[in-house]
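The chains carry the letters A, B, C, D and E, assigned in the order they are written, with residues numbered from 1 in each.
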Amino acid sequence: MNALSRIAYPIAGLLVIAFVWEASILVFRIPTFVLPSIPSIAVALWNDLPALLAGLRVTLYEAGSGYVLGGVAAIVLALVFVLMPLVERAAMPIVVAVNSVPVVAYAPVALVALGMGSASKIAMVALAAGFAVFVNAMNGLKAVDPAAVNLLRSFGAGPLRTIWTLRLPAALPAIASGLRVAIVRSIIIAIVAEMLGAYAGLGQIIYLATQQVDFLRVWAAIVLASAASMAIYGLFAWIDRRLVWWK
Amino acid sequence: AEAVSVRLKWVAQAQFAGFYVAKEKGFYTAEGLDVTVNPGGPNLNGETLVASGADHFALAGGIENLLASRAKNLPITGIAMMLQRTPSAYVAFNDSGIKSPKDFKGKKVSTFFTGAHNTLYAVLSKFDVGANDLSVVPQAVSMAPFIDRQIDVATVMLFNELNVLKARGVKDFTVFRAEDYGVSFPSDTLIVNEKLIAERPKTVQAFLNGSMRGWKYAAANQEEAVDIVMKAASGLDRNHQLGMLAEYSKLMVADLGTSQGIGAIDTAKLEAVRQSLVDRKVLDANVKIGSALEPKFWNAVPVEYKKP
Amino acid sequence: MQGMTDPASDAIIELAGISRTFGGGADRVVAIDGVDLRVGRGEFVTLVGPSGCGKSTLFNIAAGLADADPGGEIRFGGQRHAGRDLLGRVSFMPQRDLLLPWRRVIDNAILALEVEGMRRAEARAKALAMMPEFGLAGFERHYPHQLSGGMRQRVALIRTFLFERDLMLLDEPFGALDALTRTMMQRWLLDVWQRHRRSILFITHDVDEAIFLGDRVVVMTARPGRIKMDVAVDLPRPRPAHVATSADFLRIKSTLLDAIEEESMKSFTMAGH
Amino acid sequence: MQGMTDPASDAIIELAGISRTFGGGADRVVAIDGVDLRVGRGEFVTLVGPSGCGKSTLFNIAAGLADADPGGEIRFGGQRHAGRDLLGRVSFMPQRDLLLPWRRVIDNAILALEVEGMRRAEARAKALAMMPEFGLAGFERHYPHQLSGGMRQRVALIRTFLFERDLMLLDEPFGALDALTRTMMQRWLLDVWQRHRRSILFITHDVDEAIFLGDRVVVMTARPGRIKMDVAVDLPRPRPAHVATSADFLRIKSTLLDAIEEESMKSFTMAGH
Amino acid sequence: MTRGGILALQTATILGCLAVWEAAARIWGGPYSVMPAVSAVLADMVVNHAALARGILRTLTETVLGFAAGAAFGFLAGAAFAQFRLLERLLLPLLVVSQTVPVIAFGALVVIWFGNGILSKVVIAFYLTFFPVTVNTLRGLMSVDPQRVDLMRSFGASAWTLFWRLRLPFALPAIMASLLLGVSLSLVGAIVGEWFGDTVGLGIMLVQAMYAENMPRLWSIVVACGVLGAGLYGILAAIERRFVWWGREL
């Protein structure tokens, strides 16, 4: 697939969405406060752009920081677990339990403990993004041919070396897949966390606009968030394709 | 019976006791209605739900929210005002040196940007404090930032956050009521879709009759009302709910609420609010109170259903 | 668990009473059962036996990769060892090539060197020099999936040879090679062995190869694997190609074939159990 | 693209001018280059050639799994075919066993039958009957990772034999087997071939095996693979084991060895390019 | 290590963590601390057990239904994309777009389109679940060993057979990983869904406790969520260990 079609198909897809959107407004007579027309959203986006971009910056900062923090922590944790099976045995139930609490359930705790600033959002994003990466990393690190592990051990390779030379490269596709799913989720979690209480960010803008019945602004903020997520996802998909170079 | 639904502005709690009581006591059935009470939640907006027809009625936000909705041509109309007085107030610790809203100047003040911020600005303007003279930040969920003194002044709902502070044993703080400075922003508007008014005015009347009756009963029988609410939404803290209903009732029966009845539409107050919003340029001058509210249904509610 | 040294022994490795059982219940398989085997310093021992008799299992134990059932004893360099101590001290070539799909040929070849900590450039230079001799010149930058079966095996061979240890355990290292490539690899191996005085334990299915290469040929029984026969090959070295037609060679071969045949037949007659 | 029938030909498969190039630029490898090869109906043709010369590549093309470079022609049963048409019409055993790790031995064995749509119970019964003959009795319920290398290969063999087609393509089917097991498998194969009049194309590295089994032995050149030599083996069948010491056999063997040696050497001298 | 030993180790770890928590809460925490003592949380759970049980049951139902729908759709989409690459190129980007939209911003739309009942919660749980399943199914199906594909094709396997006999088993480990993730997301979806107007469920109890700043209550619900999530995760993990034990071979 060449670069052109890689862009062309999503754009074709977006055009289809746009068409269905506008058509259903006309056919089903959907009022603007339920589904505004695309041009009116575009106008709102344009008019509010400075404020929205400022919000986006905050959201991306929180999402990015949390993502990096959570991603790194998840991979490190997965590596530790693979390195030390006893630790894995002991700690896995705790990790599963902590991870099984939906991030939104931590939101109140995070807000009260870490305040309404960025710290609480970063913590929540780290937790959510980390889990996605962790599950895939564990899966990838463990799905290694045991015979290959034995070969490396016969060369005198210790557990660290085995991880670096064998498990990590073998797990790369799975980790990349986790990272890819996690990045979009990071942005959403940041927005959701902001909706529950924040000083700034797209989520806060969306929450306030909802309360103040400024539906065009809600849509403009969401379109901006989606566009940013798409762009970042595209970038990651591109990197991901590079990662699995040997196939 | 005719099925209709009402959307609350928040999750089930004593703030909405009247609707639950009316349902439980058969006041709606007596009017020939089968009412579903739909709770709200974060990111739900009663104005939109009623405008779209998803719900027939809603207990929506303050009058400023209704005016803003009208400015955006949402086909909704207010038919009653539950709170005759501003439900919000401001708290500051005594040792902060803040003695009056004038002292908010240069301080960090948090408030709900859900409409309550308009009240704050109106209070401040009484003291010639401009928006740029202090730092106003959004307030959410928790009073912790205030208790931990990260914030100098916080906003409280008289029927909710203030009770939370008291229950937690927080002392030595002063409450600044907007009302005390002549800022009266009636709140908790009961709204209905325009189309329903046009097509089924009897239904609107029936719903309002039952609701007012329910509210009157709830205000008069608070213990029982809270029990009814708690049956609808288990897991609530009873004492907290009792406190909520007590305060809520006070705001409800204040001013016209006493003289004319619960839910009265105080046009003079509303006009003052409208003017302050227009002055601050957050509302288009073309939006008139008359186009946003329709008092005829409330006027037709039998007096014994609404007069406390 | 390193015990006392036994100066009397000049064996590099000595296995005594080694057994290994897999699974339990209905699936229980006794792979090897009380194997005693020693390889002297500088000795080239070849190991033959019917398919599935436990040769690879024995190798895994000798390389320190798998534990034997309790009761046996492994001595390495005269000292008693628990299996794991041997990791990194034995140059082991497994039956499957186990090339890493994400590494180019050259980087698969230097895997052991990398583990040892050699600088990559240096290791690559060393491996690069061996490529032509192994018929892989021009394929250094290919990935394993772009190679033929025999080429993959040769990459695994280079990888093993670059991991220079006193004892080499080679599990059918030439199985996928054609006759001539195999002959060339044999020459190469003998050369390395003689020049560096390595000790080699070598599994093969080719009796000719076993005799041609070995100082001794050890025959294993059908499963459960035991040592059935241990034949010294007293042919002078270097052995020319036509040694395979010599009377001595043929005599040994026929002894071995009889032994193997007897054992192989068991695998099939046991069959009807 | 099925063309007209050529009644004059009694070949089951005929390859004409088949080439295959991999990669491009610096990595370009011409694996095979203009191969002409025909296998007659009921004929047993063995194919030998240096490692990496393109034998497996040729098989993949003949089985319909890979496309040849444009220009060549494949005729199957007298009709011209595009490669893919041959899928499902040729019994193909690849060089690697490719057992499915999640299936038990018995279920790996019946894979082809299952694909054909046979009822599982029936297919299992068929496979079960073959287990003892392949020395796998008692291992039906094991998983592939619990088997030795040679046992895995035998499971792959059963899988192939159960897929009964007029043409069999076997890529080093006995590579991992010991001498005797190999002999037994050879007998088995010859039996199937003769009883059912199958046609077989068989890759091996063992020249003895090539001569012992084949009606013709085809020798390929070093890469790029071409047909170097096509030797008819006019030894009467059934061939006893000791045929390997007969003068005719040895004559053919020496011809072949010379040819292979010449080609193999190229792989290594080309090396220094 | 024996089964019993592992269990003992795990129990000890959990009890140890709880003990540290309790001690820390008693030393540093007050009655309104963000982290109340374990004992306080337990006491609240006892007091509130009836509501808690009702909440768990409701949320569990929503989660399971949403998860089942999401897993099924995610799998079908991934399988369809693997089979028809054109479909993938056309539609996968749209699914990606869908995942960039924060649903909870659309409370009103969800209510307008899916009503106030359980359906709207299930839809949101579904919406959060299906994407990782789609991605991993696609990835798992595409990463199948090409030589094994060739072998099956040589047996004349149809695309259908190839899928059931080879691609699917090969992809199962990756699919299972996504289900483990998906079940947690499904729970998130159910909880968030309850915020759109409901009276029963852990999500709504969470909101109530949150705005009343009732920390022991909040934690008792967090614990309930954790138990629920861990239970669902545990069931899936057990299924994985039992049925999808094969990894990959080089």
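FYI, a contact is a pair of C-beta atoms (placed from the backbone, for glycine too) under 8 Å apart; a residue touches a chain by one contact, two chains touch by 3 or more.
Remember, it's a predicted structure, so these values are computed and weren't measured experimentally.
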{"item": "Joint neighbours of chain E and chain C, given as chain labels", "value": "A, D"}
{"item": "Given chain B and chain D, the chains that contact each of them", "value": "E"}
{"item": "Centre-of-Cα separation between chain D and chain C, whole angstrom", "value": "28"}
{"item": "Gap in Å, rounded to a whole number, between the CA centres of chain D and chain A", "value": "51"}
{"item": "Whole-Å separation of chain centres (CA-atom averages), chain A against chain E", "value": "16"}
{"item": "For chain D paired with chain E, centre-to-centre distance based on mean C-alpha positions, whole Å", "value": "49"}
{"item": "Per-residue overlap in chain B, given as positions that touch at least 2 other chains", "value": "42-43, 45, 48, 52, 141-142, 144"}
{"item": "Multi-chain contact residues (two or more partners), chain C", "value": "96, 98, 100-101"}
{"item": "Multi-chain contact sites of chain A, meaning residues that touch two or more partners", "value": "34, 108, 112, 145, 147-148, 170, 195, 206, 210, 247"}
{"item": "List of chain E residues in touch with chain A within their complex", "value": "1, 6, 9-10, 12-14, 17, 34-35, 89-91, 93-94, 96-97, 99-102, 104-105, 107-109, 112, 131-132, 135-136, 139, 143, 173-174, 176-177, 180-181, 184, 187-188, 191-192, 202-203, 206, 209-210, 213, 215, 218-219, 221-222, 225-230, 232-234, 237, 247-250"}
{"item": "Parts of chain C lying in touch with chain D, wherever the complex brings them together", "value": "22-23, 26-27, 29, 48-52, 54-57, 95-96, 131-133, 135-138, 141-142, 146-151, 153-154, 172, 175-182, 184, 205-207, 257, 260-261, 264-265, 267-268, 270-273"}
{"item": "Residues of chain D that touch chain E when the two form their complex", "value": "60, 63-66, 87-92, 94, 96, 98, 100-102, 111-112, 114-116, 163"}
{"item": "Chain B to chain E touching residues, read off their complex", "value": "5, 7-8, 10-13, 36, 38-45, 48-49, 52, 54, 141-144, 160, 164, 168, 232-237, 240"}
{"item": "Complex contact set, residues of chain A against chain E", "value": "1, 5, 9-10, 12-14, 16-17, 34-35, 86, 89-94, 96-109, 112-113, 131-132, 135-136, 138-139, 142-148, 170, 173-174, 177, 180-181, 184-185, 187-188, 191-192, 195, 203, 206, 210, 218, 221-222, 225-226, 229-230, 233, 247"}
